[in-house]
Amino acid sequence: MQHVKRLDLVVGSRVATRFLEALDTLGLPHRTVIPGVHGYGQHGPRGSDPFATFDNTYLLVAVPPDRVDEVVAALQPLLQEVGGMCLVSDARWV
Amino acid sequence: MDLSMVGNLTDPAILFFFVGLLVGAVRSNLEIPAPVAKFLSLYLLMAIGFKGGQALGQTGVTDAAVRVVAIGVVLALAIPALGFVVLRRRIDHFDAAAIAATYGSVSAVTFIAGTQFLTARGDAPGGYLTVALVLMESPAIIMAVLLATWARARRHVTEQATVLAGVHGPPQPPTASGVTAGHPVPTPPMSMRAILHEAFTDGAHLVLIGSLVVGAASGPTGGRAMAPFVDGVFTGLLAFFLLEMGLLVARQLREARDVGPFLVGFAIGMPLVGATLALALGTVAGLSVGDLALLAVLAASGSYIVVPAVVRYAIPEARPSRYFTMALAVTFPFNIVIGIPLYHAAARALVG
Amino acid sequence: MDLSMVGNLTDPAILFFFVGLLVGAVRSNLEIPAPVAKFLSLYLLMAIGFKGGQALGQTGVTDAAVRVVAIGVVLALAIPALGFVVLRRRIDHFDAAAIAATYGSVSAVTFIAGTQFLTARGDAPGGYLTVALVLMESPAIIMAVLLATWARARRHVTEQATVLAGVHGPPQPPTASGVTAGHPVPTPPMSMRAILHEAFTDGAHLVLIGSLVVGAASGPTGGRAMAPFVDGVFTGLLAFFLLEMGLLVARQLREARDVGPFLVGFAIGMPLVGATLALALGTVAGLSVGDLALLAVLAASGSYIVVPAVVRYAIPEARPSRYFTMALAVTFPFNIVIGIPLYHAAARALVG
Amino acid sequence: MQHVKRLDLVVGSRVATRFLEALDTLGLPHRTVIPGVHGYGQHGPRGSDPFATFDNTYLLVAVPPDRVDEVVAALQPLLQEVGGMCLVSDARWV
Amino acid sequence: MDLSMVGNLTDPAILFFFVGLLVGAVRSNLEIPAPVAKFLSLYLLMAIGFKGGQALGQTGVTDAAVRVVAIGVVLALAIPALGFVVLRRRIDHFDAAAIAATYGSVSAVTFIAGTQFLTARGDAPGGYLTVALVLMESPAIIMAVLLATWARARRHVTEQATVLAGVHGPPQPPTASGVTAGHPVPTPPMSMRAILHEAFTDGAHLVLIGSLVVGAASGPTGGRAMAPFVDGVFTGLLAFFLLEMGLLVARQLREARDVGPFLVGFAIGMPLVGATLALALGTVAGLSVGDLALLAVLAASGSYIVVPAVVRYAIPEARPSRYFTMALAVTFPFNIVIGIPLYHAAARALVG
Amino acid sequence: MQHVKRLDLVVGSRVATRFLEALDTLGLPHRTVIPGVHGYGQHGPRGSDPFATFDNTYLLVAVPPDRVDEVVAALQPLLQEVGGMCLVSDARWV
């Protein structure tokens, strides 16, 4: 079991691709994506209208620990611009 | 008018809206799964777009079509301007701009309910009303964003905004004294370019336009093939969707903390003003009863889909708990129950 | 009867149930997405509610209606009492109460399959049977909860329950020796007030009642508008839903560890007893073939939706792997394949 | 990146609102909500019937570390009453 | 042919495919929820299966049926063999095997579009074509797996595979130089037994077969009950599904990094070759216009559902970004827009 | 609050049952299951076709810390055979 950093991102479904493309660019294409996620943050409620036009997407990405700073640096401006949440925590990869 | 109103209250689709309201009020566990609700909303747009396109394809661009659409666009500019002038004296300028946009734009579900109501009473409106629906959706948004930019400029750049430009927001709102207390200004507003992209590439919008074009292009053969889908099961699926709308309104009403008497008054008064404007202009332009009544419905309706979706990012200073709640929890039911029969009766009295 | 049975086995909806069973048995990856299955179940309730309401609206509250509903309520009280008396000697009292509730209540899907079957054979039941369906759902639940309370009192308050009242349960069951071994008593059971709220505000329940009312209120015009939805596509959507039911039953059968021969016998015997009771009372009351047969179907069916949902919290000591599995994996298929044609044949023999 | 506590709650969909209202009362309205979650716990299976009448909802809430005890104290009686799971772990907020 | 082609471009379902393409191209937020898309795909399989079964049930196993199915199976073996021979000289052997399987198998959605097109033009194909669809799905997969095993043997066991057999892969691809750069061989390929299980218990496959049997078994009464579902709303739901297909193709086209000019040429040339083979064999066998044209459509179509799903595990060395993209983003639209009218025109010219 | 180990598994929906049965065998039946999850890993994209025939399932399992090695040992061969991701991290159980 090796150490990894786990990123839990919750971002608008519409802009999720931009986050994923940023990860692709870093050569980190592996990820898990949960669509249809609701939420409430600085931009108010999301996903609870029956039109679900603006719901969230949950992204879970496990990356090698030595690359996490690079990843955070790449995602921060995006979070700045379009909102969303990003949590970083420790895990072990089986 | 009395008969018409009773008529609307025996329409199964409208009745299911009330079922939803009641079921929501007793806090039942009933829930329409989100993917299904979304499918139904896309279905409704597809069906009305297609039917509008079919009608347009048959009649072509008539004189009446041009007049209806022209009045629609005028209303889409006049109503938000009027709304803002009324609101800015009483409430925060950002909220005023957002609410003005809400009432300047239109509600597709109200449009659908209106069409059903009028068609059932022999006053079917023309297919070009769907074009009006499309064109009346966005101008108010753009106007509101400009108003907000102006308001923002007047306020100077606040320190808070400056700070926020540097860091992403904290995990929870800074004040611990309840939700409504602080209304922190979030991340900086979107660029005008991004706003226009959001407004014009919105999925609901494009499905409506696309279906309109497909309906117009596919002729009577296409119409026959699609009829069981866009006509046959329409009332049933609309009923299902309005059940969900009822649940949603019930939920929204429970959370309506930020809407006081003044705003409730506005949420009922503004539709009446909008409808009156539409009826006046439309009567002068010599519209038919169905066209006139549905134009009034459009003018009276407030958007609770596209506008809140865009405004949330374009005017982050405004509170969705105001503009969204007003449009969904007050104006929408008002129009469904009282407004539509009222505007129809007025249209009959004026040009019937 | 032979002809009828063969008849049921060429009904596409029933055949799709078998497709589901087979597909599930070979462990295919086929899966109906949960939101769609939920939508279909709500659709079915909405459609039968609406159609029942329409029929009621046309006939009004007839004499036959009163008799059917009265017998239904009597059965909904008699069957769980009878079931409990039989079961308490052989199995744990909590399981006995839960299973009694299961068979005292009814299955809407079995009701639908029965209605389809009878209508196709010219013995359409009256719309008031839908009222019976609604009223027969809950009494058994309340009775079972009372029985469980009595059983709990007799057992005194166990130490385990006392401990659990203090802390939330552990992450995994305390014993490491397999799932079925320990059956720890979880958090304390719900209050009676909460149980009644759960039972009466259950979404499925309210959709059924709401649709019944809407159907009755919206008259022939409403009926025509809804027909393609509630009638036209009904068989097809039912077929789709029964495909999912087949998959579910196949999955459930694989996990049927806690149901031994005695309980399998009960899951087939109890429906026959219930149906016999219904046929007897209904014949005395002079019901028509369709009404009589469908009442027998209701009496014979066991609930695998509302009852398990409520009982899980109301009688946490009982094992869902018993009551739920019996109703879904044994009684439901039994009624669909053998029961419905059998009760119909009996009804014809008695009053045909 | 500041330290936060991450709460992962899995509770019955029907009672999820009660948990969210408890968080609102504490002035912690920001959250992520995943509907349509299945599970198996002390109350048996949830969400695997085709009626999904009784499935679970997943709630993810990031809170400042100094408020976590207060939150746990507020949620514990609810968990006691209606069941559910609540995990608390460490993360960093980007 | 010109008229036919224009005809296809006024078919609402096809037009909605273009709406999807355009909406996807402007990067709208439009999204059909995955559970709904999955439901629609199962619905389409159920509807064509049932209709095919009904037709078969009426005609029985005719001489034409036997000939069509026999040619279908021959094509399902010949096309992948031919494809592999062409490809192995130019590209990696694993990619070659996967692409050969893709084109040897068939696309159900293309089949549906073809059936709609032909029926609308009075050349309705027989119900046994659905049997051909079922039987043509799997042979190519098995052949490709055998080819891959042979290729794997020739390459000897690489060190990388040996290493991977010992540990589960790392969290991210070993090379940090972009996605396309490294194409690491993942976990060892599936056993032949597992592959056969995957191929034959695939949900889509079984729904199709099951519906075929139900359709054949349930006779005219069953057919009438299902008609509003499998016929009435069919075009509408197909339109909705093709809207989603358009969105998907647009997305796929954006990511088509691994498909160069040679493979694009193959993705258009191979369908033409396959169709030509089918037309030749079918003309010799004396098929009707509808049967001939639809057989050509089957031969020309490439699988983007079952094959990629199985091949991903069976030939992990091959790149989905090649075989999946080619079938979905090039061949599917080509067949929908140009292929179907072309094969129909050719069939008319040959045997019309 | 007791310490637990949290396992986050993302595996093919079709094979998810095999993982769950392995946990059942260990006497660890409690779990949370999120269906309809998309992803990208060594086996390419999953869940993004409109047929969703091959999407992922997310499994979250909290186990007592002293049992985690046993669990990992039981799941590793399955991960080997059918692919998937398994992260292990620390949490506290409320």
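We just call them A, B, C, D, E and F in the order they show up, numbering each chain from 1.
To be clear about the criterion, a residue touches a chain if its C-beta (ideal position, glycine included) is under 8 Å from a C-beta of that chain, and two chains touch if they have at least 3 such contacts.
Please read these numbers as outputs of a predicted model, since none were measured by experiment.
The pair with more inter-chain C-beta contacts, choosing from C-D and B-D, is C-D. Comparing each option in E-F, C-D or B-D with A-E by residue number, the pair that reproduces over half of the contacts is B-D. Farthest chain from chain F, judged by C-alpha centroids: B. Here the CA centre of chain B is 41 Å from the CA centre of chain C. Chain centres here are Cα means. That of chain D falls 43 Å from that of chain E. Averaging C-alpha coordinates per chain places the centre of chain A 32 Å away from that of chain B. Shared contact sites, meaning residues of chain C that touch two or more other chains, fall at 29, 31-36, 38, 168, 171, 173, 202-204, 228, 232-233. Shown for chain D are the residues in touch with two or more other chains, namely 4, 29-30, 34-36, 38, 41-42, 47, 52-54, 62, 76, 79, 85, 89-90, 93-94.
Chain pairs that touch, as defined above: A-B, A-D, A-E, A-F, B-C, B-D, B-E, C-D, C-E, C-F, D-F, E-F.
Interface residues of chain A, counted against chain F in their complex, comprise 1, 4, 6, 29-36, 60, 62, 89-94. Note for the complex: chain E touches chain B at residues 10-12, 15-16, 19, 22-23, 26-36, 120, 228, 232-233, 235-237, 239-240, 243. Chain C meets chain B in the complex at residues 33-36, 38-39, 42-43, 46, 50, 201-204, 206-207, 210-211, 213-215, 217-219, 221-222, 225-226, 228-230, 232-233.
Residues 32, 34-35, 37-38, 40-41, 165, 168-169, 171, 173, 184, 186-187, 202-204, 241, 244-245, 248, 304-306, 308-309, 312-313, 316, 319-321 of chain C are the ones touching chain D in the complex. Listing the residues of chain A that touch chain B in their complex gives 36, 38, 41-45, 47, 49-55, 76, 79-83, 85.
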